[in-house]
Amino acid sequence: MNVGVFGYSGSLSDEKINRVSGLALEVGKTIAQYGHTLYTGGRDGIMELVSRGAKEMRGRVVGILPDGEVGNMYLDTRIDTGMDFTMRSLILVKSIDFVISIGGEVGTLFEIISAYCYEKPVILFEGTGGWTDRIDKVLIDKKYLDNRKLIEVKKVKSIEELREYLEVINDKM
Amino acid sequence: MNVGVFGYSGSLSDEKINRVSGLALEVGKTIAQYGHTLYTGGRDGIMELVSRGAKEMRGRVVGILPDGEVGNMYLDTRIDTGMDFTMRSLILVKSIDFVISIGGEVGTLFEIISAYCYEKPVILFEGTGGWTDRIDKVLIDKKYLDNRKLIEVKKVKSIEELREYLEVINDKM
Amino acid sequence: MNVGVFGYSGSLSDEKINRVSGLALEVGKTIAQYGHTLYTGGRDGIMELVSRGAKEMRGRVVGILPDGEVGNMYLDTRIDTGMDFTMRSLILVKSIDFVISIGGEVGTLFEIISAYCYEKPVILFEGTGGWTDRIDKVLIDKKYLDNRKLIEVKKVKSIEELREYLEVINDKM
Amino acid sequence: MNVGVFGYSGSLSDEKINRVSGLALEVGKTIAQYGHTLYTGGRDGIMELVSRGAKEMRGRVVGILPDGEVGNMYLDTRIDTGMDFTMRSLILVKSIDFVISIGGEVGTLFEIISAYCYEKPVILFEGTGGWTDRIDKVLIDKKYLDNRKLIEVKKVKSIEELREYLEVINDKM
């Protein structure tokens, strides 16, 4: 499957990224261990960390990049979308089967909402801060982003819970 | 200026659209009276109502359409983006100076967040339901969608308050 | 109708643009006189000249712009596509009913081919140089760009011939 | 490197595709043997044949797809661009280092011109028919598509000549 990861962009020394860097590496490794391909926006911050994790486990990494950018050093496949930063995120969202969200500013909120619009399951990694935690407040019945209730927003609190979710998905395949 | 309007799509007989149809017409008329060009997604529901209002005041109406669609009958300018429903909304957002939001499901939430990402001022028309009212719960300091606080989200409760806002903008031009 | 114009971009003092500047102004005026809306890529060179011509006759002008650009001073409607220079041309092509080509480098060739792909009639203004004249060599049966022969490529040699073509189109409406 | 292949789309039983199917398979195998990743538009015809060839040599295959399509069965990486058939070809062109063209109707002509616009080297596989052969007539000095002469259009007549070209490129890396 194609698994997306959203999250904080920016320098790895940034405090809010640094705080979850170990976790991001583990998420990348876990996706690769389950044989899934990792899709990200191809840039820095969480995108770079999960990609490094996936490559450490010899996984495949795809980066969906804004116009003219080359992306981080862990990408096997680079897609130059010719689009701006925000618009290219939609091609990322459309190309994945489900997505894991780690922290993140308004760009991550944008991606979470986009995933819901395209009916792609979103897994919030709780306790990672930013919009991943804050989105909780607006969920309808703690699970949905609109009244049609088409896609459930899931939450995991640990790598173990993430593994359980991936097991369930593998069983369904 | 180029003024966008977001809101419920769907049939005009839909109860949640019907409830705000008079208001939507007035918003369209008001935008035209101030000499602004109205930009919408070009389809039905609120998009059609504000466009009809603007045309009744001989305003100009631009519709940013998904691939292959012709849009409602009130459009002076049709843009066929070649893109899907969601993606084309970003071209709408990028092309406007500010936007007014009326009710709306998750597609409207997507557009509100997009406008914030592109630093376009958003005016929530309070009491119109849907995400226009619900977004309030996630605002930081009742005004912002992220910690960088670049753009204030505004609220108006009536056509009179909308006019006041448009006066302020005209004075700045 | 929505009428596109393709052609040389660049400075108006450039010799190859300067040579056809009077003609480009006349084409813009003519489009406006027939009540059509002019669509261009919104930038300099031929795009600017036809737009100026259209505005002199109080016509409407739409510019389909690359990411973040504001375009020339004659645009009534600006569309910021969020895309690169080349990609945004496809939104221009999709949004028009037919197109007139004046001179032009490989970017114009790209637009002529795009118009054919989308089955939009192309009118080559003969004698204006560049790819508008050079395309002749590859036409199949002097009229088509592929063996399916879906759309005829037309040629005009003067403003009078362009008017005749516009009359025929008006009669069909 | 990322190597694109353009060419006829359509059913494999179509005479003009059938005639070059052995060659297309060989081109796919060759790209994989040199360790390059194959990029195509992800659909049928030549796209499918080269992808099958690449997979037979355990190569990597990326498909850049129109909105909502799943593509042929040989894709390792699927990108859903959310765009129409023609527009999505530009993301393909932007994401590759160079491209090989085999036969093809006006859609292939569009892709050859696009590659030139983005300054990506184009290798025409001579004798494969369609626009790959026909483009010759419009080349300036038998090599260029505009007067700026930025990128040379190359031609190969056999798999051996293609291998020689790939050797030269490998030496430069």
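When the chains are written out, they are named A, B, C and D in that same order, and each has its own residue count from 1.
We take it that a residue touches a chain if its C-beta (ideal position, glycine included) is under 8 Å from a C-beta of that chain, and two chains touch if they have at least 3 such contacts.
These numbers come from a predicted model, not from an experiment.
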| item | value |
| --- | --- |
| Labels of chains that are neighbours to subunit C and to subunit D | A, B |
| Chain whose average C-alpha position is farthest from subunit D's own | B |
| Interface sides of subunit B and subunit C: same vs different residues, half threshold | same |
| Where subunit B and subunit D are represented by their mean Cα positions, the distance between them in whole Å | 43 |
| Centre-of-Cα separation between subunit D and subunit A, whole angstrom | 32 |
| Between subunit B and subunit A, distance of the C-alpha-averaged centres to the nearest whole Å | 29 |
| Per-residue multi-chain contacts in subunit D, two or more chains | 82, 84, 86-87, 90, 94 |
| Subunit C to subunit A touching residues, read off their complex | 67-68, 82-84, 86-87 |
| Residue ranges of subunit A touching subunit D (in the complex, touch as defined) | 2, 37, 60, 62, 64, 76-82, 90-91, 94-95 |
| In the complex, subunit D residues that touch subunit C | 84, 86-87, 90, 94, 105-107, 109-110, 113-114, 116-118, 131, 134-135, 137-138, 145-148 |
